[in-house]
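Listed below are the structures to be examined.
Note that subunit A is present in both complexes that follow, paired respectively with subunit B and with subunit C.
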Partner chain A sequence: MKQGSYKHSKAGIILRFLLILGAVFSLFALDVFKGSVDIPLERVLRILFSPAEWLSETGGLTLEQSGQRDIILLFRLPRAVTALLAGMGLALSGLFMQTLFRNPLAGPSVLGINAGANLGVALVVLVMGGAAGGFVATLPFGMKALVTGAAVFGAGAVLGVVLLVSRFIGSVTLLLLVGLMFGYLANSLVTLMIHFSAAGRVQAYLQWTFGSFGATIWNDIYILLPVIGVAIFLGILLIKPLNALLLGEEYARSMGVALIRVRMIVIVVGALLAGVVTAFCGPVTFVGVAVPHLARGIFRTADHRTIVPASLLLGGATALTADIVSHLPGQGGILPLNSVTALLGVPVVVWVLIRSRAGRSFI
Partner chain B sequence: MLVEVCELLKKVVVGSSFLLLTVGSLQPLTALSVEYAEGFSIEERSGVTLLNIHPREFENYNSITYALVEQDKHQGIAADELRERLSIESNESELQIIRIPIKKLIPLSTTFLPPLLMLGIDDVLSGIDNLDYIYSQKLRSIIDKRDIPQVGNGPSLDMEQIVQLQSAVVMANSTQGEWNVVPKLKDASIPVVLNGDYLETSPLGRAEWIKFIGLLCGKGKEAEKHFKSIATRYTELRQMVQTELSENTERPQVLMNRPMNGRWVVPGGEGYMAQFIEDAGGDYLWSSDSHSSSLVLDVETVFIKALHADVWLHQYGSTSLQELSQADQRLLKLKAFQTKKVINNDARTTEAGSNDFYESGPYQPDLILADLISLFHPSLLSGHSLHYYRFLE
Partner chain C sequence: MKLIDARSIHTGYRHGFRGSVTISKHISASIFSGEVVGLIGPNGCGKSTLLRSLSGLQSVLDGKVYIGETEISHMSPLERARKISVVLTERVHAGHLKADTIVSLGRYPHTRLSGGMTAHDRYVVEHSFSAVGAESLRYRTIDELSDGELQKVMVARALAQEPQIIMMDEPTAFLDVTRKVELMDLLETIARTQGTAVLVSSHDLELLMRISSRVWLMDESGRLHKGTPQDGEFKSLIRNVFRIPAHYVSF
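Up next is the complex of A and B:
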């Protein structure tokens, strides 16, 4: 790892963290303050910070006022929280994949992990969904937990198989190809299921694949938050062994890292993150692959002590930005999230990669 | 030399037989007229019925003219020749000769089927898209009894089946991308007739396409008669609403559909459903919108408008109030939910996924209108029991 003159000073790193943290806060606030319905800033603040007067169902609010309260508390807040959590989760998952496979192209959508999660979701929804149609966000609570479990299991299954194959294939390129193949397999199974399902669901499925942070309600966040919280906690515990892995498996082993156990935990956490986010937000692409590169480019290091928190924050910021932009068209229109993430993100990431030599020297 | 003579002879024969046809049908073929539909028109030229289709969204095919030529009349005439005889400018539209009455028809959409029953010409049915999408018990038993094959649609269209059904005419929608089966069929020289009923924005306009199918199958008069009675009843109902509701009468505000994945898709204010709601004396929340296609909106925009709505119409998916509230508790806040004015158009559906609202519904707009009137203004049609709609419980 040649860091040499590219390495930032400690103060530089702290400054960068503070700036990004500030950006996350501002973006979160912006996502809550601005929406397709115009609500005056002063009223939003009042709804958020003097809820007693605003929360009572019978408190003499006009229909317009209670509608605005519901929009802030029941639509925008859960959406912003979902975007933040999903962005963090996807970025961390992508970082894990890149370190684990020692490949800059790795990420949940590239390795077929998202496809595995899709397969899990489709299996439960299409086979057991009954006449209700629709996808995860329109399911009753019990079903949601089941679907989430299936998505995590599907993601884990693909990831596990890819890693198993990696024991026999030395080439990372080949390994990525294998991941892609399993992704195609999972996707074709989903297509097959869609093909044999009632016509209305095809539309619902298509909508789901556009990706959205706005499909969740608070009840969903009660699943999303603990899962992502635990995964982040585990991610922090994994910083040391991940750093060792960066230097190669031989080195890691010599450092006393229990490789098999670490790999197992990384797989489970990566699948958990990708699976749970996919279940609730649809297959959100790009964030997982790109954000770790953005983090390495900005901080000019591959050290997980820096890159884990940086990826988490930048992941949240990226997702929030995408959510804000997807609500920009005006007149209540909305853009598909997946096209926004890539449209906005690709130029930024390419610029960062070209500008900093970090793109070549780390992973 | 010999070839030239043959060509000349052929021309003479064809030409004279054409003349015979023209003379033979001098008694005026009372041309049907189109009153409401915007997507097709009917024209008579030298005794040949011309069906012009020009739906607004058929961008790829500016306009197509189907020349309806009787089965036994001038065999072997080419489209160009007919064009010349009927003096149709060659840049006017693409001309396609269709032999009528069509003996074998493969309708690739469920909505093309009901006219066959209504006009008593179900014997032309030679292939269907997918049995699962068909609601009518009568059609299902006919298909079963005659062992009519399913040929699929879009990417899963079974070309071999269609080719095997020799000289069958395929009726298709015009769609884009891989769902566009028209080029594929044309490559195989299979006659295709495009039907643009789904693009009509007025209920009567959509119902009027029964004339299109009727003419192709040699039942134009019957189709006209059928349509006339539907149109009369529809207009009467609409008139009744207009006279009974005074200027000051409150029209119920109408909300449509449910949120899905953070978006709420609602029909445009100039579209088919908006017209129905207007005619039934309802106040559609997006009536001032100027789109005929659906609007994809952010949930919060719809939610704040929807709070006051009196009636909530669904088009798919929602099965019960409990299912709706479990999926999204926020919907409990809507007035229409609290007053249980939540209605779905799925009263007539099958397990497999067919819905009669989209099958016979387009040809019975009077029934849909009556349903809506009785939902919006129960006192105006007190004896009416819902046909396509039902209250969610």
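Up next is the complex of A and C:
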């Protein structure tokens, strides 16, 4: 590429992608190998690579061995897969919202989708939790399915309203404000419910708002994986119109972008990603807003051909890092995910932003 | 060749249930290939609205706009984009993008869903850069560019769209005199050498009179008067609409 300096050259971009890809693989491995319980590396590998021997019921495993097998295959592996998928989904959703709304502060939560999910979960945990009382308590998985369902329903309801409104609103800024208002509305309802709820239930709700990648089982991942897979596929199809949108909506239309349709698809995909991740992992903050900036800072471009894959990989890496750190106390328990993501991530993102674009525009 | 034909259009805005605001009524006008049409008029008289209506960015309240044989409202956004490209007044805020990426976006209506560029697409982009004399800006990011440089890049982008007509809304607004002359010169060259029609609105009357083959004058009531820069009677009409004494201007 003539006249292109190294920082913009193809080789530089490929090198950076390879480094990030390497980081994602290492972090994934680390997330599986390390946890609250110490399991020797050699045993982890044997469990992972010859599961047949370890899965047979009559394999004559000791209690310790079968316990370790369950920890690896039923807890750590799904947790790591969840973190990877959730990180990818949130980052992509954040990128979509930032481009659509031409706003560097936009994220998955911007349309009020998260607030909708919060409201759904609050209704189940705080209000119905009382009504269904004993029934839910004796069925932990029933409770979880109920919470997930409530989050999906809450997110979906707000999405429906936003889509309906977006048909009548020409300006995205107005749409952004309407989304924010829905968010305030949902959050105030949640606050009201908290105010009138018993302390124990409030505790359970707050626990959910901390966020966690560890609450999923394989059956959840069978839902998470296809949704995020389809969204990523659509995200790749959206690269061309998203790049056109970087010049503003008017230019995009003048170049042949079917604006209303593209906006609709971007909102549905972004909200679907945010909604499904929130349903399974709680309202995970920070990743969605910060990762696209990280990607733009590292690759020094806003071109979606680069930033879509970069955000996906960096989102996965960020979520995996946060999960690993939240399990560092070992036997001492698990740190709240949302505090870890921000504590770790804010200094990194601020550093990247200041270093890469002092005085420049942010998208 | 007649490229665009507005037949008794009413321009303005629809406001949902509250009816509509009409800005200009009964405008009939055509643009032919290879000509520069200058659009002038006092602020707020409806020049931008007319430009947007003719380019299909907003729909007309009444009447019809034909692009060739087809009515503009019956064209898909992509079909329209292959005929008309626009350069808008507001500055583009996408500081991280290279000029090359922006001009390549001009190929939008010609590339497939993947946005992949063929050898021909790359050739057109290169040609567009050299047509506006901005080869040296190609690999700079746009927040490194001055207003004049960015405007050239935006014209190159409009050219890369390979339209029959380029419509520009006050492209000289933020430029110094040197860049204004340069840009106007460029527009004339484009029309003359590429056969692309250029419709350009501007407040730089003298410059515009110099490069336009025809001039559309919109008065404050939104009526459109058509004339040539050589027509003495038309010139005095222009001075009347803008209320400038004759000795202030050279036309």
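Criterion: the second predicted complex is superposed on the first by the 279 of 363 C-alpha atoms of A that agree within 3 Å, B and C clash if a C-alpha of one lies under 4 Å from a C-alpha of the other, contacts with A are read in each partner's own complex, and residues count from 1 in each chain.
To be clear about the criterion, a contact is a pair of C-beta atoms (placed from the backbone, for glycine too) under 8 Å apart; a residue touches a chain by one contact, two chains touch by 3 or more.
Predicted model, so just to flag it, every value in this text is computed and none were measured.
Does the superposition put A:Ala215 against subunit B (first), subunit C (second), both, or neither?
first
Based on the superposed arrangement, let me know which partner A:Gly333 touches: subunit B (first), subunit C (second), both, or neither?
It touches subunit B, and subunit C stays clear.
Between subunit B (first) and subunit C (second), which does A:Thr341 come into contact with in this model arrangement: first, second, both, or neither?
Neither subunit B nor subunit C is touched by A:Thr341.
So, A:Ala258: does it touch subunit B (first), subunit C (second), both, or neither?
second
Now for A:Phe75: first (subunit B), second (subunit C), both, or neither, which partner does it touch?
Only subunit B; A:Phe75 stays clear of subunit C.
Would you sort A:Arg305 into first (subunit B), second (subunit C), both or neither based on which partner it touches?
Touch status of A:Arg305: second partner only.
Note which residues of subunit A are touching subunit C in the complex, please.
1-4, 8, 102, 168, 237, 239-240, 243-244, 246-248, 250-251, 253-259, 296, 300-303, 305, 357, 360-363
Across the complex, what residues on subunit A touch subunit B?
Those in contact with subunit B are residues 35-37, 63-64, 66-68, 70-71, 74-76, 79, 131-135, 137-141, 195, 198-200, 204, 207-208, 210, 212-215, 217, 219, 282, 327, 332-334.
Can you list the subunit B residues touching subunit A in their complex?
132-133, 156, 258, 260-263, 295-304, 307-308, 316-317, 319, 323, 326-330, 333, 351-353
Which part of subunit C faces subunit A closely enough to touch in the complex?
16, 55, 57, 76-82, 84-86, 88, 90, 92-98, 101-102, 105-106, 108-109, 111, 113-115, 138-139, 141, 143, 161
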